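Next come two complexes, and both contain subunit A; in the first it sits with subunit B, in the second with subunit C.
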Partner chain A sequence: MRKYAVIYRSILMENLQYAMNVIMGFITYFMIVFILMQLWNYMYSNPADLIAGYSRQQMIWYVMITETIWFGTRTATVTNQVTADIKGGNIAYLMNKPYHYTLYILTKYTGEWSIRLPIYAVFAAAVGVIMVGRLPDFHIITLLAAIPSVILGITIQGVFKLCISLISFWIEDSNPFQWIYDKLILVIGTIFPVEIFPETLQPLLKLTPIYTVCYGPAKLLVDFQMDKYLEILLAQVLYLGLGILLMFFLYGKGVKKLYVNGG
Partner chain B sequence: MITKINMSKRINTITTVKNQLQVCMLSVKYNIMRGMLNRVTFLTNIIFMMLNNAAFLIQWIILFRLKEDIGGYTLREVMLQWALSASSYGLAHLLFARVFSLSELIINGKLDSYLVQPKNVLLGVMTSATSTSSIGDLLYGLCILCIFCFSFRNLLLFLLFTVTGATILTAYALLMGSFSFWFVRADMVGNNLVSSMVNFSTYPDGIFKGAVKFLLYLIIPTGMSIYLPVHLMVNFDVGQLFIVLGFMFLLLTAAIFTFYRGLRRYSSSNLMNART
Partner chain C sequence: MNVIEAEHLSKTFRVKQKEKGMRGSLKAIFHPQTEEINAVNNVSFSVQEGEMLAFIGPNGAGKSTTIKMLTGILYPDGGKVEVLGIDPTKQRRALSYQIGTVFGQKEQLWTHLTPYDNFRFFGAIYDIGANEIESRIGMLSDTFDLGSFLNTPVRNLSLGQRIRCEIVASLIHRPKVLFLDEPTIGLDPVVKENIRSLIKQMNRELHTTIFLTSHDIGDIEKLCKRIIIVNSGQIVLDDSMEHLKYHYLNKKILEVKLQEETALPQVNGITLLKQKGSHIKLEVDTTVIKINDALHNIDTEHVEDINISNVPLENIIMEIYSSEKV
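What follows is the complex of A and B.
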């Protein structure tokens, strides 16, 4: 475990040097959130309306939180780096290091979002308070309680994206699969809470990563309920366990297919 | 005698332009052929890009379940907007993908190999890369048009506005990228603005109000590349068509001028690289 802590610390220090890049990336975040704010403002023609049980403020804050998680964890480590390592053959060198390659990538990913996410969260909170107003019935204790769920959601996201990247062992370019996964999360997960979908579809959506990555953490921050909290945490722990098993399975199968051509 | 000289000059100019265009087309053709070396990856890229775009259908179906019209648009018009947006983006990235990473070439001093080639520098840079997945965007746009609002008139207008939209997007990316000749951090601002142009293009302009609308027509020209063309496809107006065409030529001229002004400031990084 200590070697992963050292990796984490070095990535953290490295990313602190590039905090300015994260701040510049906030322009895109702001633009997207601004568009979605305008969209939901339009959808709530009467500000007192409720859509799927959400008020206008809750809905916009929900979108802002999911987008913050999305942007705060968007790094190329679990996607492009893994694909490039496999495609370029660098994996042959990395797999002989005294760590497990997938855990090394996950540690690096954690080091990166540890810097990005708090920066995005602070900016997002400022934008939210200025443009939408305070989130109704929000207490600091809600934030503290939701933090484990946010961390679990982000880790699940990293594990699943890494699993998709490992497909590169079989198909040269795994990017098209990443697009589909990203769209599943972005289009369905970040813009709409699960309750907005027809009731027949809701149980199905609870089985997808949308529930554990986006909906869970955002729902807890917007509308905290203890029974929901336990349900979401349980689903996340199960999801993470399955995801890690799948990740080790894919990696184990993949490295057996590896051909080293020398050089 | 003077008429003969003028004629021969004109023929020379036409031949030069023809040759330049031929070289550009060949460059794009070889880029695509390179992408086709791995057939499975090539086809997966195209098909999955179409599926990727189709995912947004779910978003709009859900939104239209909540409200009958959004920003004055029905589902048919939103789909038309999506089709035009995807096709313009696809065409721009199919022919001129390198423009979207121009800043990187400038900042890292990688323009040398283009400067020494016996053809137009800008055209050489612009056509030196192709994004194969953009074929999926282009096809998706055409498919959506055929499914939701096909007519011969719509098809002709759609093809025209795909070209104007792609030209405006490319010119805007070229303009933003060219600022890197002067400012190091310009790439970050430029990339953000170009991606904002794409993001705004998939939502109806009716949801934006006041100064934002003004911004969307002049600072981030999504209005001229997508919104106005969609309005024109619904209600045709010759005057507005000329506004779109005029804006396109103006932006293109400004972008080309900025690129060549900036090129005077370019300094090589003495990297050894070759283009074959």
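What follows is the complex of A and C.
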């Protein structure tokens, strides 16, 4: 584990030099959040209304939290970099080191989001408090309890995106699959909570990574319930285990098919 | 003791083929065609501990593919390979602790970190203790003279400084075998010479086995005692450098400056390479005519200057590349 801690530390040192770049990303974040805020304000014609069990403030905070997770974890490390490593042959120079390539990539991903996400979280909290007001019934203990779920959700996201990138061992371009996955996560779970969708569809959605990546952590932050907490954590642990097995399987099979141009 | 053993090593790649134009592109969707390329074909060789071996060949000859199979990056389609008694395909990670690699055209250093932070990083991933890493950084930094830029981010280093750091990063875990793939590419002659003497020193002091591929004849000539030449995936020559020179240096280059322009007689074994006024460049095949007899065919009374040299190693290797299996 020590070597992965060192990789993590090195990524932090490298990314700290670019912390200012993160701040530039706030402009896009703010624009999207502002549009979604206006949309939900319009939908809640009466501020006392509940839509799918969410108050107006809860709904806007939900969207802000999922968008924060989305923006704070947005990195090319588990997507374009892996695809480029496989297609361009650079993977050859990373494979012959005494670490597992997939864990090396996941550690880099973790190092990147652990700089970006806290910065986005502070910014989002400030915007939220100023523009929406405090989240009702929010306690600091809720935040502390939800942190493991947020970390698990982000890790699941990284593992599944990495799995999609590993398909590049077999196909020319895995980006269309990344695009489909991103849009599913964005529409079902990020912009709208699962409860918005028809009841018949909800059990199916709970079986997808969407439930564990965005919906779960955000739901716990806006409306913490112990039974929901345990359910989400269990689903996340199962999903993470499944995702890691799939990741090792794809890598193990794919690496034997590796074709590296000379040079 | 042999540290590398390759027996009947083979690797075939399937490469996509497409007919030209839009029609070809559409056809490739429904009837994809591939061509098999034998990148490495039945290659066998062994390398002894402490040896400095040049493994060379023209582009596409199969040398990089062979290195990648030796380091466990590519899986051979046929044959057997062992490096330090380890099968690279089955125990790649165990092998990575014993070998080092420098690919001159690929960076392994983290460019935004300093060489010092990079070396600490590489030391840690090879499970070396913090104190031991410090001591090795100190020693290698002295040997490779890195002191003045040890704390400068890698992205700000010159190419020569970066290559020195790349080599140090590959040595931090004291590998028994070092694979160098074009380590001096793009460097100026002074830095090249510096890198070569450091590699020599490392081989002498640490007894590290060096497996070198390079297109730079200087690297091969100055570093290696043995040479393997590959072409079209097969070994065409495996010989000592001394033997190679002895057998292939039967031709001499004779450069003569005469007082005035003179026509030379046609003599068997002497080939006129170039003539510009009174300057003549000849190639003498000493298996046909002795150099002394060749000189008698020149009007020696009117010679202003004369120079006899061996055929450059580069030309010998070019000749071997273009010939069939020796």
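As a working rule, the second predicted complex is superposed on the first by the 261 of 263 C-alpha atoms of A that agree within 3 Å, B and C clash if a C-alpha of one lies under 4 Å from a C-alpha of the other, contacts with A are read in each partner's own complex, and residues count from 1 in each chain.
Everything below uses one rule, namely that contacts are C-beta pairs under 8 Å (C-beta built on N, C-alpha and C of every residue); 3 or more make two chains touch, one makes a residue touch a chain.
Just so it is clear, the model here is predicted, and its values are computed rather than measured.
With subunit A as the common reference, subunit B sits beside subunit C without any clash. Touch criterion met: A:13 reaches subunit C, while subunit B stays clear of it. Once both structures are fitted onto chain A, a short way to say it is that subunit B and subunit C open up an angle of 80° at subunit A, using Cα centres and rounding to the nearest 10. In the superposition on chain A, A:38 makes contact with subunit B only, not with subunit C. Contacts of A:24 after superposition: subunit B is touched, whereas subunit C is not reached.
Contacts of A:176 after superposition on the shared chain: subunit B is touched, whereas subunit C is not.
Ranking subunit B and subunit C by residues of subunit A touched puts B first.
Using the contact criterion defined above for the overlaid structures, shared-chain residue A:95 touches subunit C, although it does not reach subunit B.
Look at A:46: by the touch rule set out above, it reaches neither subunit B nor subunit C.
With both structures placed on the common chain, the touch criterion links A:3 to subunit C but leaves subunit B unconnected. Contacts of A:191 after superposition: subunit B is touched, whereas subunit C is not reached. After superposing the two complexes on chain A, the closest approach between C-alpha atoms of subunit B and subunit C comes to 6 Å. The contact sets of subunit A with subunit B and with subunit C never meet. Within the complex, the subunit A residues that touch subunit C are 2-3, 6-7, 10, 13-14, 17, 90, 92-93, 95-99, 256, 258-260, 262-263. Per the touch definition, subunit C reaches subunit A in the complex via residues 13-14, 39, 59-60, 62-65, 68, 71-75, 92-93, 96-97, 99, 101, 103, 105-106, 108, 110, 112-113, 117, 120-121, 124-127, 181. By the touch criterion stated above, subunit B contacts subunit A in their complex at residues 38, 40-41, 44-45, 47-49, 51-52, 55-56, 58-59, 62-63, 66-67, 70-71, 133, 185, 188-189, 192-193, 195-196, 199-200, 203, 206-209, 212. Subunit A meets subunit B in the complex at residues 21, 24-25, 27-28, 31-32, 35, 38-39, 41-43, 45, 51, 171-173, 175-177, 179-180, 183-184, 187-188, 191-192, 196-197.
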